[in-house]
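Can you keep this structure in mind? I'll have questions shortly.
For clarity, chains are labelled A, B, C and D in written order, and residue numbers in each chain start from 1.
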Amino acid sequence: TDFQSAPSLREQLLYVWVLSLICEEFRQKAKMYFTELWNILDVLSSLLFCLGLVFRLTTELFYTGKIILCIDFVVFCLRLMAIFTISRTLGPKIIIVKKMIMDMFFFMFLLSIWVVAYGVAKQGILIHNDSRLSWIIQGAIYEPYLIIFGNFPKDIDSDIDSCSMNGTDPLKPKCPVLNENQMPAFPEWLNIIMLCVYLLFVNILLLNLLIAIFNFTFQEVQDNTDKIWKFQRYELIKEYYRRPATAPPLNIYSVFHYFYLKIMRRNKPRKHNEFKIQLKPEVEKDLLHWEGLMKDRYLLSARQEQSQRTETCILDTSQR
Amino acid sequence: TDFQSAPSLREQLLYVWVLSLICEEFRQKAKMYFTELWNILDVLSSLLFCLGLVFRLTTELFYTGKIILCIDFVVFCLRLMAIFTISRTLGPKIIIVKKMIMDMFFFMFLLSIWVVAYGVAKQGILIHNDSRLSWIIQGAIYEPYLIIFGNFPKDIDSDIDSCSMNGTDPLKPKCPVLNENQMPAFPEWLNIIMLCVYLLFVNILLLNLLIAIFNFTFQEVQDNTDKIWKFQRYELIKEYYRRPATAPPLNIYSVFHYFYLKIMRRNKPRKHNEFKIQLKPEVEKDLLHWEGLMKDRYLLSARQEQSQRTETCILDTSQR
Amino acid sequence: TDFQSAPSLREQLLYVWVLSLICEEFRQKAKMYFTELWNILDVLSSLLFCLGLVFRLTTELFYTGKIILCIDFVVFCLRLMAIFTISRTLGPKIIIVKKMIMDMFFFMFLLSIWVVAYGVAKQGILIHNDSRLSWIIQGAIYEPYLIIFGNFPKDIDSDIDSCSMNGTDPLKPKCPVLNENQMPAFPEWLNIIMLCVYLLFVNILLLNLLIAIFNFTFQEVQDNTDKIWKFQRYELIKEYYRRPATAPPLNIYSVFHYFYLKIMRRNKPRKHNEFKIQLKPEVEKDLLHWEGLMKDRYLLSARQEQSQRTETCILDTSQR
Amino acid sequence: TDFQSAPSLREQLLYVWVLSLICEEFRQKAKMYFTELWNILDVLSSLLFCLGLVFRLTTELFYTGKIILCIDFVVFCLRLMAIFTISRTLGPKIIIVKKMIMDMFFFMFLLSIWVVAYGVAKQGILIHNDSRLSWIIQGAIYEPYLIIFGNFPKDIDSDIDSCSMNGTDPLKPKCPVLNENQMPAFPEWLNIIMLCVYLLFVNILLLNLLIAIFNFTFQEVQDNTDKIWKFQRYELIKEYYRRPATAPPLNIYSVFHYFYLKIMRRNKPRKHNEFKIQLKPEVEKDLLHWEGLMKDRYLLSARQEQSQRTETCILDTSQR
């Protein structure tokens, strides 16, 4: 990922590829487009790409452009997850993940209250009037958040070099309050008790509550996911059927061809035959006949089975 | 959170707000008040606030007052969790959390035995007669407790600078026992084995036991929580209905108004009409009639359904 | 826990207490004593205590005695878990813990294979012919074991001070192999891949397998634990009933009294009336009669219920 | 594990042992050999051993040979897991582990997308045009992967000594981008937000999804594993039955004997009587008779039970 001021050849090829992808997206932009999550991701990634590209070609905002392109890469990767919809094993999992994200969203409310309560109290006790917002947020929210994942902050009192006494060094947090003997003034036992209770409730109680919620959701959803997934796969296949035959970096030609067709024969819009196979009349009649037969047979067997069901039998017998 | 000796304007506004909240609480202080957890938290936070405010306005106890206000912030945050009772998704979760706290409470007994057993033994083997209680507690309880959450203490033998040989430096723990060759005298293999067994039983066995307990509780409670939550939401709505219309910082007027009313018309106590809608007699009669009809219809359908239940049918048939 | 050469007054009091506990244990040493786990722990703790006490009173083995007493403390703490058998909530949990320890025991076989496989391979690749057994064990078993709990070793290649090149410093591990350019000779990518695979299989696969096993065991055992626990509580109450009335530090008198009685009236052994209430003959007859009545009534209701069970009814009807 | 240039006596003994194991494997190399996983592991370990042995006896590739032998040790250890198939408790677990590895394999796709997305974006923002592939991979894949297991990288901005500014020191990563004031140019808040989201989705959502998947698989598979395991144990016993009687280091004689037999009496191939007991004709007839009787009795009882099943009874009754 060499990243010079002037884009290299490989980079330019990448740009062509992504632009062809964007063209492809434009072509699809029909009604009911923004209803699906994946399409929103598509558009977002395209917009970010264009913005990043413009920034990247300037000299002042060169670094900003690079950052935007990096974020765009994340969006592209998440978009990639849509491909798993094809897989028999991973497809249903992605539906479950969507459900779990909803669970987690509500769970975050509970979590954030604990994080903010502990973080602000700890910061207030330890540090006296830090005026720099970034360090306040880092101490009051970021550190308690990392503790959840097992990353404990180092003991502040042990090393005096890692903090600046007046809060003037922008790379270091402010030191905790000292009393007149140059000793830490805050009651350490209080901090320790607060940390212990915080760990108990967040790392043990809330995280395990989340595991239990996920377990419950998973077992509930597992049975229905198979059906939902089949519908989704059908949608995906239909979408790829409509797409031009060539892969993205080469589909620019097909896009040009498409626009050419549209402009020239505007009066005669080509009907898109979605998955329809044109049959001769007699064959179609036969097919309809066969379908009617099958429908009758299915209804008959369903009625028969229903009449032999245990509950029905019992009711019949007792009412005889 | 600038925190000067003399309270700033923003701080004074906050004080007025909290005091109005406290007035509000006083107004509610009816019978059956202390039965609920949330009300206890309310009172606790009000008391802490007053105490902290008094301390904060003195000069000697200024820092103590700040600490009390920080703790009060934690209580306020936890009180905030009562708001989630409104939410359809989070409301039942909070009931489950209460159940889980009971589970965890008993679990703490099991855990604490292991923590104390390991911690005291480790401290006794490593360190000889430390007379400072704070460092003993830190070594015997706090460190083994943090190990549960993945925060291992650094190896003590590797750096001689982080401990004080005679236990005189108040910021450093006492060094482990050395023998006459200035080498650590304690058997390191014993410490390692103790740590391994401790990790195995606490981090693997007990924590996973807790996960299993939570899973079990969750699946048991999940079905009933919905009903309990509906009752709780009704209580919450009733409480807010009784409250004055204006939001806390502006409700001081309404409180004054309330006391004025109470003092003036003491002979004619205003009847509090809780959620009751005054209906005209004929409308009320119709409503009662309709309710009676509905009750009969429900009882009929319930009896019919009961008679068609499978078990009843079978019993009938076999006894014919 | 001041620990001087000559035992202090508080320490001597503790010795008297523990010795009285041991006397109590001797008194109980009836048949079928060693069948239960708790009794084995009792005896072990008593033996360790005596051994530690003897060592502690010498001067050469003073430190060894202290270590033995520390280990004895751990055994005492684990023995304390038997008290939880009384509690309605924790009693069944302890039965489940016993089951889980069995699960974990078998699980350790699976785990140890992975730990040893990774640890030995890592040690073999990194370090050339370390002749000190303690450092080999630490590198090949202890470090991979700690990785399971999230305690990663520091990168060895970054700091040359924390290892000794020839393995002569007893406090430092041997340095990894260097090639002729004084650069690490081992292929770092191989180590990284090995660590990644190890983490994947041990931290994710095996630990989560264990969680699933525990969940399964818990749900299976949960129903039966209540009954088992009631039997255990009965045993515990019976044991305490037989004990002398005074608490351990004061029961030395009762022990002396017991031995005195045994020696004096050896010809007339006092019959131990375990939980039996002496009743007058007519009252006992009435009780037996009432018990017979109750038995008949229970059998009748059980037979009636059996005949009304759904399966029986169906069978009857179809065979009529 | 002393590892000199010339193999020591103990090492040579080990070689003989492993070679005898390999001979044993050759003897077994019948049809349908490569179908089972364990046999593939056997062959792989044998090949690796030979390769490592050859390398180890040279002087240039001595260290490479050692590394190959270390990897071979890992394969041997994994092969050891097949022995657990014997155990009643661990046997079924190993079948479950195989299923879980399949689950985990698909899960890795989901995980890797998140790891790569976060890692590449972080690397792109922090570091400008590092040309060394190894450090790019370490920063973009290895570090985000370790974060999953709780091993956070140290803050890069705090210590300037641990990175090299121009990326010339091969032991240190390249420093993050600085602006003209020699301050870190990257927006730290962006990195922190990215890390927080990454932690939330990977450490909380995906890992707990995996726990739920494993729980589901475990409960589904648990019932069938017992049967599968009995078949596997039968296979294992059959395999050991066919083996020569002596244990591996002494079975070289038996192998020689086997080849001797094969070469001498090539015309009369010894029929391998697998588990068959030669019976006298009359005894065999009795046995067949008894088996027929048993088969009839089982079929009768099965038919009877089927006719008494609840559903059948109900159907009979209602159709009478």
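Quick note on the criterion: a contact is a pair of C-beta atoms (placed from the backbone, for glycine too) under 8 Å apart; a residue touches a chain by one contact, two chains touch by 3 or more.
Each chain and its UniProt protein: A, B, C, D = Ion transport domain-containing protein.
This structure is a prediction, so every number in the text was calculated from the model and none was measured.
In the contact between subunit C and subunit D, the residue numbers used by both copies make up under half of all numbers at that interface.
When you average the Cα atoms of each chain and compare centres, the chain farthest from subunit D turns out to be B.
Averaged Cα coordinates give subunit A a centre that lies 32 Å from the centre of subunit B. Separation between the centroids of subunit B and subunit D, computed from CA atoms only, is 45 Å.
Shown for subunit C are the residues in touch with two or more other chains, namely 150, 211, 215, 310, 314, 317. The touching residues of subunit A, counted against subunit B in their complex, run 106-107, 109-110, 113-114, 116-118, 120-121, 124-125, 128-129, 131, 136, 147, 150, 152, 157-158, 177, 183, 185-190, 192, 194, 196, 199-200, 203-205, 208-209, 211-213, 215-216, 310-311, 314-315, 317-318.
The touching residues of subunit C, counted against subunit B in their complex, run 1-4, 63, 66-67, 69-71, 73-74, 77-78, 80-81, 84, 87, 89-90, 93, 96-97, 100-101, 104, 108, 134, 138, 142, 145-146, 149-151, 162, 170-171, 207, 210-211, 214-215, 217-219, 222, 308, 310, 313-314, 316-317.
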